[in-house]
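You will see two complexes here that share chain A, one where it goes with chain B and one where it goes with chain C.
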Partner chain A sequence: MRYLVRRLEFFVVTLWAALTLNFILPRLLPGGPEVALLTRFHGRIQPATIKSLEVALGIRNDQNAIQQYLSYMGNMLRGDFGVSLGFYPQRVSHVIMLALPWTLGLVGTATLIAFLLGTLIGILGAWRRGGILDSVLPPIFVVTSAFPYFWIGLICILVFAITLGWFPQAFGNSSEVTSELSWTFISDVLWHSILPAFTIVLTSIGGWILTMRNNMITTLAEDYIKMARAKGLSPTRIMFQYAARNAILPNLVGFAMSLGFVISGALLVEIVFNYPGLGTFLLQAVKNEDFSLMQTLFLLITVAVLLAVMVADFLTAWLDPRTRERG
Partner chain B sequence: MGLDVRLVADQSAIQAEAARPEAGGLHIVGRALLGNRKALAGVIILGIFLVLAIIPGMLAPYDPHAQIFAQTLGPSREHLLGTTGNGQDIFSQLIWGTRESLAIAIIAGLLATGISLLIGVSSAYLGGLSDHVLSLVTDVFLVIPTLPLMIVLAAYARNGGLAVLISVIVVTGWSYGARQLRSQALSLRNREFLDAARVRGERSGYVIVFEILPTMTSLIVANFLGVALYAVLAAAGLQFIGLGNPSDMSWGTMLFWAQNNGALNAGSPLWAIVPGLCIGLLGAAFALLNYAFDEITNPALRPVRRRR
Partner chain C sequence: MISVKPLLEVEDLTVEYATDAGPVRAVDHVSLDLTPGEFVGIVGESGCGKSTLLFAIARLLSPSCDVVGGSVRLHGRDLLGMDEEALREIRWRDYSVVMQSAMNALNPVLTVGAQLEDTIAAHESMPARSAQERSASLLRLVGIDPLHLKSYPHQLSGGMRQRAMIAMALIFTPDLVIMDEPTSALDVVAQRSLMLEIKELQRQIGFAALFVTHDMSLVSHFSDRLAVMYAGQIVELGDTRELFRDPKHPYTSALMASFPSITGPKEVLQGIPGSPPDLLHPPAGCRFHPRCPLVEPRFRIEEPPLTTVGNTLVRCHRYGRDH
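On to the complex of A and B.
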């Protein structure tokens, strides 16, 4: 129970920190938010837009800082993120809904594949210490993890799209295919997603392999593994039901914690491939100085990561009695 | 990621070093580094880049900014890596770019490690409410997605130059280390040599700096390497999307210009390939050193010869 309270406190504080950061940052601009934004947008936008920006950032001249903060928090909690400046007069939430399915589909699937494949390779590598999976792959992935995600994407484009011409270079689908629920459209989308998905898997799989391998090595030294061996159980059974089952717990937590990093890396991959997901929109927002969209995207990604961590937390508490007792 | 593995590694390190706390100094770290092949490779790569960063003027054939050559030339004897779409020599840019990329890695690494150390160790040493609050802050920074946060920060502080870039990386990069250092300091807290220091009547400042820190040397170094790797990649990412100062000469800004000029399609792919390779090599040097450190501090992870 104490554990639950501590975790809840953590989630609430994190959410509050992200929201407050969004509130404070525009106010740190030289000359305060109104002056800074008016200068930046001078002559480019209508008074109505400024009004909407005031909603998104909580800037109201007739209120003091605390009132502004409260009404801003109210807007955020109600899900009122104001109007996007880059896609004026669309609402921020509408713009995000355009991008979200693309990112969820691409990054979600690619991350899942990387996690499953990496964990499996890690299990097998630790099981056969000194084998090919154990001695060759970890150093390779230590080196590849040092390359920027987006650069690996550039190289994939150069090799597979430009030189070989196997896959399209950019975008989520071809412009000549209409968006409808037909086989042509779906296969076209899949066709476009292969290269970015491959990039994300390639760059994120190393972490799973290393973590799982190291956990497995620690677990394999436990007495109950020796016991299982002494009982003459089949190696497969020991590997998966005795060792991997216990070693996978930290990987689950790691999965949630590093989701933030995966999303971060995937944002850049999206940008490289011009994929119509959150990353590309985030870059657009930065280029257009579309602060309301930018901040909402930051908030959305934070909330997504928090949710993932929460799920992993409760999963661990459910799977591992020790965490519950420790409290 | 790999936090729990690290904790296991920390514990064996603590046991090894607690036995002889006075010997846990840098020379042990140094000797272990040279005996490890991965570490040696890391040291050599780092050394080469260090030389490039210190004397680029003596090694680069041309002025990296000068747009005086024919555009998108292929590699030749005059231009080892060809020229950019703006008629600059890619090889010279690469050499001059080393300085900023390496400087960001080292400065951000040092600053972030300093903050991790300050927060992690004082959190563990003070205990109670301060520990609770500091741990909570650490966890919050640990979970907030770094790249979106960096982008938001850098977008507001646009054109702030190198200082902004480094601050953004430090702000988003210190939390992981703080957590690790806290857990190691925590397990040190009730050791006898610390009790002895307290009984002698030493002040907490003295105990932290002269008693606790020396026993944590290897973890601190490993931490620095981790942040340096993170800084290399983060700086490259931010500069690539145009949030650095585009007129600076660094590998990240080279990638920015290459991408903006469509280098891949315009027949100068080397413009986009080589800066990424250098970023990767520098990052790999830090990663290899870090990996070797893991092996040194946790003997269980060392490579084994196959036996049946």
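On to the complex of A and C.
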């Protein structure tokens, strides 16, 4: 319990630091959103218009830094991220809610599949070291993981979408299917997600296989494995409860980190497949100098990573009794 | 003694490690019998092959290591020829193992109770409730509060962990308990009390023990017979008292001179000069000759056979036929 409270404290402090940095960084940049708009209109804009823009965008240059900081923190805690400059007059939270489910669904699921599948292959490979599975799968997936994923994505589109025509080339769903909770819509979304998900799994699974396999091999040499064999336990119990459960511990934090980065989307995969997720929106935000959206997305990524690390800590505490007391 | 049917028969057991430089013979034609209820100690320096011998008998060798000759019989059944499935049946029921460091031999992520109960479940189908009761009574047997069934290994002291492992080894009251330096991770006081406890348990339950240690003084009061190993071979095997009273092999004498006697006069401890031989290229002739104070030129060339001297077996030229 003490351990959990400590992890929670750590989370709160880092979150505060991230929020504060997020406040300071854009203010270190010269100019501001209104200046950016001004240059976009090549200065052909009335000072009065700038004033009204400032009001509309919530830019309060009359406040000092402390006042700005306090109202910023208040807004952040209330979940008020302001108005998107690129999708004006949409609110940033609205824009993000449009994209978030797509990214979570696609990248989240794909990351989870890659981790679970990679871990399982790593376990089985190490268990029968030098066996057929061990000499075929790890090398293949390590090679595929070495390719850049946008390249794999493009090849997938070329082969499976254009040449064979099995899967759609782009987007999250077909335009003729209405967004509703029906089987047609769900299967359409799944159908669209297969190629990008496959791309993500193919390019990230190698790392999981390698690390899990290595951890497993180290663990299998431990005395408690020998002891488990001596006790006459069943091979499956030795493999999972004695070996894998110990071997997976170092991988949990890495997995949590990668889950955290799900929010930033597999940026290039989403762009290659024109997927309506956060990655695509982040690119849009950068193109449009949409500071409020960018800032919120970066904040979201930070929070997601922090949350994921905290969850990993809890998970580790649950799986490894030794960490519970270390605190 | 001779009329009793042996429980464990090890015959000409030879074990080799595969290394890049070639095979290393860690156990070289070792023969050893154990009668029911007997306590046999195996002593020798680190790297003499004593642990490898144990693990070969228990069929727990690492993959890089293989039995290349000889046989091991328990209750007359050939252990080495058994497949894993058949072996799993008799593992722990007929013979159990106590390892050197309980810290490493207990799974750090499972409670002591869970590790006792999974062993029970692997061999007997009984309701969880009775498995728990059985585990609790086992802990009580070795003097640990059953409360610790819910403890994880790292929450116990070194001595408690070792006793928990001994409790585990006694789940099915096996006929043979194989112990690989079970006390070497403990301090001297804890060692002594654990040895007394093992001996008392042995008296109560009646298991035979094969006990490996590098500390000769430790087994002196506890073992019935003692085997001294050097460079993968047994160099002396005999009754413990006899062996201590009249060590025949120069290596045995040297080992005995290297630990202090509590009651005797103060003497300067003598180490054994030189270092254990490289098993990849064992010395020709008698393997102990480079370190032996009694070496003669012939000993460097001819390998001495195991010779019977009274009740003792000795591998030394000085007891050979022509001496």
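Simple rule for what comes next: the second predicted complex is superposed on the first by the 266 of 327 C-alpha atoms of A that agree within 3 Å, B and C clash if a C-alpha of one lies under 4 Å from a C-alpha of the other, contacts with A are read in each partner's own complex, and residues count from 1 in each chain.
The rule we apply is simple: contacts are C-beta pairs under 8 Å (C-beta built on N, C-alpha and C of every residue); 3 or more make two chains touch, one makes a residue touch a chain.
If you're wondering where the values come from, they're calculated on a predicted model, not measured in any experiment.
S.K.: Looking at A:302 after the superposition, I want to know if it touches chain B, chain C, both of them or none. Which is it: first, second, both, neither?
M.R.: Touch status of A:302: first partner only.
S.K.: Look at A:157 in the shared chain and tell me whether it touches chain B only, chain C only, both, or neither; answer first, second, both or neither.
M.R.: First partner only.
S.K.: With both complexes overlaid on chain A, does A:319 touch chain B (first), chain C (second), both or neither?
M.R.: second
S.K.: I'd like to know which partner A:221 touches here: chain B for first, chain C for second, both or neither.
M.R.: both
S.K.: Compare chain B and chain C by how many residues of chain A each one touches, and report the one with more.
M.R.: B
S.K.: Counting only touches as set out at the top, which of chain B and chain C does A:207 meet: first, second, both, neither?
M.R.: first
S.K.: State whether A:194 touches chain B only (first), chain C only (second), both chains, or neither.
M.R.: Touch status of A:194: no partner.
S.K.: Applying the document's definition of touch, where does A:131 land relative to chain B and chain C: first, second, both, or neither?
M.R.: first
S.K.: Return the residues of chain A at which the contacts from chain B and from chain C coincide.
M.R.: 221
S.K.: Can you check the complex and tell me which residues of chain C touch chain A?
M.R.: Chain C reaches chain A through residues 55, 58, 60, 62, 87-93, 96-97, 99-101, 104-111, 118-119, 122-123, 152, 154-155, 168.
S.K.: Please output the residues of chain A touching chain C within their complex, sorted ascending.
M.R.: 221-224, 226-234, 237, 241-242, 245-246, 319-322
S.K.: Mind listing the chain B positions that touch chain A in their complex?
M.R.: Residues in contact with chain A: 1-5, 8, 38, 136, 139-140, 142-149, 151-153, 155-156, 229, 232-233, 236-237, 240-243, 255, 259, 264-265, 269, 272-273, 276, 279-288, 291, 300-301, 303-307.
S.K.: Give the list of chain A residues in touch with chain B in this complex.
M.R.: Those residues of chain A that touch chain B are 9-10, 13-14, 17-18, 21-22, 25-26, 28-29, 129-131, 135, 138-139, 142-151, 154-155, 157-158, 162, 207, 210-211, 214-215, 217-218, 221, 250, 253-254, 257-258, 260-261, 263-265, 267-268, 271-272, 282-283, 286-287, 289, 291, 294-295, 297-298, 301-302, 305-306, 309.
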